[in-house]
């Protein structure tokens, strides 16, 4: 029988606490006038939350590198789609 | 039967420069293609099965070293040549995109399936464009329905014509002639019939054509009439009781908007203000203007734009 | 090694089968990222086209319900993660409980979302069905809500699929189909659930928090 | 031949005799500076050792009669429609894409007939528009994109890497059903009256102005997209996780590398198309949406999203063809591929850079000129790996021992036509030149050189190369070579005049045209009739071979791939025992140099390297 390693209950709960904390921070920061930085802060927090979910809940932290590449590829290609179309949208409007 | 053309007519210096680029590419690609074909045929014959050609290859290490060198050579060489050609083409493209300030303006509206053109003097044409030789001409184009594309092979230029936007195209014809205009963006049933002529005339003849033309009044005058016909003057006129922005001296000026941003009042701004009046509301005014989307034809709107342009140097109160 | 694992004919052993399923799921998740990615691109282009409209429209969304829903979904993700953990540890009862909690939270999310939709409808904010917006930027606001319903609607469809999957997993767990050696379906179902959660993590600031100041 | 060990039992071809040639390339030929080592005389032991099998399987139970081939595994229609065997699914695909190919071909024929005269006198404008739309939609999504991946990819990926099947056989069958469902929607749209938007579905024409069955057609494409995604997913997982022992990444045949690169595109590009078409359908249905300028939407957004998929999709069409070329050219040149690693990296580079260049379809669309410049430069970068591939194929011929069987003729044609297609692509990547050439027949000619001159030539080459493996029968090589030459000539006659037409300025999608373009159009139509003959010929002699063709041995071409180590047609389980791989692919040179003496030996000794049939044309006497 292969023992499949599992993380502790505590670590899962801590990640959840962090997620809820970040949710409150992002909600709060939205009411602080920062100009265009509001969106940047919100998206940065969203990215952190997504990474927490991916690394801990989805076990990317201990996953085979191939799975990490597959996970990264989706986001990398999305970055290509958005980044290169911004060469048009960001300039033209 | 065999007297068909192999080369399109050329009537502008830009077209000649594009031709040079074309022939340069033809040379580069011709050399590569012929080399590949020659090598395939040569190897195929020399090394056909059963031939007596020597087939000894150098030993492994040396072979690898040599093939690495060959690999690098045929990565770097084409890359340098291709990028060089690419920058050459990009420079020309930039010239395509930058019309001179003194260009003669002609307005074009594409609609299924015809081109409507209007000169600033008010001369209207359908599927025909008369232009003077030797003078830069700038087309300001929009579409009333789907995407079209205005293509003049003789000048080697085309540009898509989009609804809700103005795109431009410019050229300077060298000599008189009569050439094709095609719509190259598929636009529905009679796409293939959305063709026309561009007639390049000597400047003097062009002037005669302009005066002889069908214009009863200039575009701006026509626009003034439309301005009243569509009821614009009811609010934007001098005697209006409604609190609406004044349009005298507007064109080309920077306008403060209600949301704190500002825009330059160009063709697109005026177009959007009429069609999408709630998009950009001038600071200090209520968003009460109705949309004219679907009410006003694009070519009438171009007249109105020409009218507002003509008021560039006017003082408030001139609009009646 | 116990014999509980059924190995399909094309695989050598359970290990190969499990790794293949894992990789397959992650590749599928990458396609999901780009499926939603097209919408995010459309969102960015439309927002850049008329940023004020998006600021105005975002203020019309119900940030209270949206934030609560985010919390609900994050919690459901925790439950799902714990269900996977319990399955791996072989405690079927705990796993069943966590799976049920996940499904219930998922249903709660959809309930809250539906409430929001109803409120939006009363506010005439549903393009196609009933949309009217006074003031400037009406077109841009309508486009925002078009995207809002498209994106959250597509997300909700994914949630429904996820709830069905989790329910099936719960039934299988109740029938003791999983062992510490065979838990691939639970793990894959969990990955799907978490990805749907990640999509929402990005939707939340883009739809609810554009301009609250 | 029956003296082979149990692990090779599968290899005794039904006919016996010299046909059961056993390749050695999988033996250890790593150094070719000396007499071949033991591997050469012990093919069974050296190259394919039985692998402990996870589960009892009667195939490994010792010497036994020829295992049941996949073709004999049930004869009812249902046994085909419910099969999860990758080889049967490949056949299902092959039959369906052939039907779609000829449907699309009929549309092309009618288009060329219409264009013989400048006036629109053969069909009406509406009909013409529907014809080129159906030609595009069917050829792109129902023929070219699934062509090589879904047929040869499905058939060969497990065989080439030494697996029993793809990782997810049921998903594989599902993807065929999705393909058929998508096809039914599209054919439904065709029967119900057609679609006239062009295969590009540009908004706002497709959303607000067309009066045809756009939503049905778009649904068909949406559904078939998921078929592509599932196929790609299956291949990626299979290639990662199911390779035979010893089959390291750099021992993979280049066809597998090409399939892997293709799958990346399937998986990462297709979902964007799906969501874009979804947005389009809703927008058409509801009259509201983000592509509509009336609300401040942007039709160029549609074009960006569409080409983000559709440009990489072009590489979906050509990358598998490149994989086929690498297999076939090495085999008939009897020489190792030149620079294997750079060939492998080049396909990956093409797949990845191919995602960065979509904006070159939009140089005159009204996108920003900065976008134009960025996309133009990136486009030149993708030309480099493509050029490497062409040069390396050519270099592979150098000092080879070249046979001119039909597959080789097709693939030499492929290299030439792909070169022309690729080089003319550089014209179009050049910004200022594209302004003139965009949306003219120059573009039509360019992409037909890539897709028809490239992909279809390679597809036909692959059909001829693997036909003996798939069906167990040999076709008439004479007829096949004749057809290959007809296709090459007909193709050039059809499409070369279109380059000239394009430079003259003839726009695409024109039902009528100015009279000065007629001569070139007539030439093109004449070429199309020759091309049609070239495409119909294989139907006859290939069907003939199914019944009357001599039986093929397991390896009629003396090729090195693992797929040639198993009988033709392969048994249900692919391999009696999973082979163990000990050497890189394509070791043809070693195979050629070493056994000169055995070459003329008439009766190969047992456990000796089997000799290809008589001089020159392998497979000729495979009775």
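All chains are identified by letter, namely A, B, C and D, in their written order; residue positions are counted from 1 within each chain.
By definition in this document, a residue touches a chain if its C-beta (ideal position, glycine included) is under 8 Å from a C-beta of that chain, and two chains touch if they have at least 3 such contacts.
Keep in mind that what you see is a predicted model, and the values were worked out from it rather than measured.
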Query = Quick check: more C-beta contact pairs in B-D or A-C?
reply = B-D
Ask   = In whole angstrom, how far does the Cα centroid of chain A sit from the Cα centroid of chain D?
value = 38
Query = Hey, how far is the Cα centre of chain A from the one of chain C, in Å?
reply = 14
Query = When the centre of a chain is set as the mean of its C-alpha atoms, what distance in Å lies between chain C and chain D?
reply = 37
Query = Which residues does chain B have that touch at least 2 chains other than itself?
reply = 276, 279
Task = Would you please write down the residue numbers of chain C that are in contact with two or more other chains?
result = 19, 23, 27, 30-32, 34, 37-38, 41, 45, 49-50, 53, 139-140
Key: Interface hub residues of chain A, defined as touching at least two other chains   = 66, 73-74, 77, 81, 85, 89
Ask   = What are the touching chain pairs in this one?
value = A-C, A-D, B-C, B-D, C-D
Ask   = Residues of chain A touching chain D in their complex?
value = 66, 73-74, 77, 80-81, 84-85, 87-89, 91-92
Message = Looking at the complex, which residues from chain C come into contact with chain A?
response = 1-2, 15, 19, 22-23, 26-27, 29-34, 37-38, 40-41, 44-45, 48-49, 63, 67, 70-71, 74-75, 77-78, 80-82, 85, 88-89, 180-181, 183, 190-191, 194-195, 197-198, 201-202, 204-206, 209-213
Request  = Would you pull the chain D residues touching chain C in the complex into a rising list?
outcome  = 51, 53-55, 158, 163-169, 229, 232-234, 236-238, 240-242, 267-272, 274-276, 279, 282, 286-290, 294-298, 301, 304-305, 573, 578
Inquiry  = Please output the residues of chain D touching chain A within their complex, sorted ascending.
reply    = 240, 264, 268, 272, 298, 300-301, 304-305, 308, 355-356, 358-359, 362, 367-368, 370-371, 374-375
Residues of chain D defined as touching chain B within the complex = 31-33, 120, 125-126, 129, 196-198, 200, 202, 204-205, 208-210, 293-296, 299-300, 333-334, 338-339, 342, 363-366, 369, 372-373, 376-377, 380-381, 383-384, 387-388, 390-391, 394-395, 397-404, 412, 415-416, 419-420, 423-424, 426-427, 429-436, 438-440, 500, 503-505, 507-514, 516-520, 589, 615-616
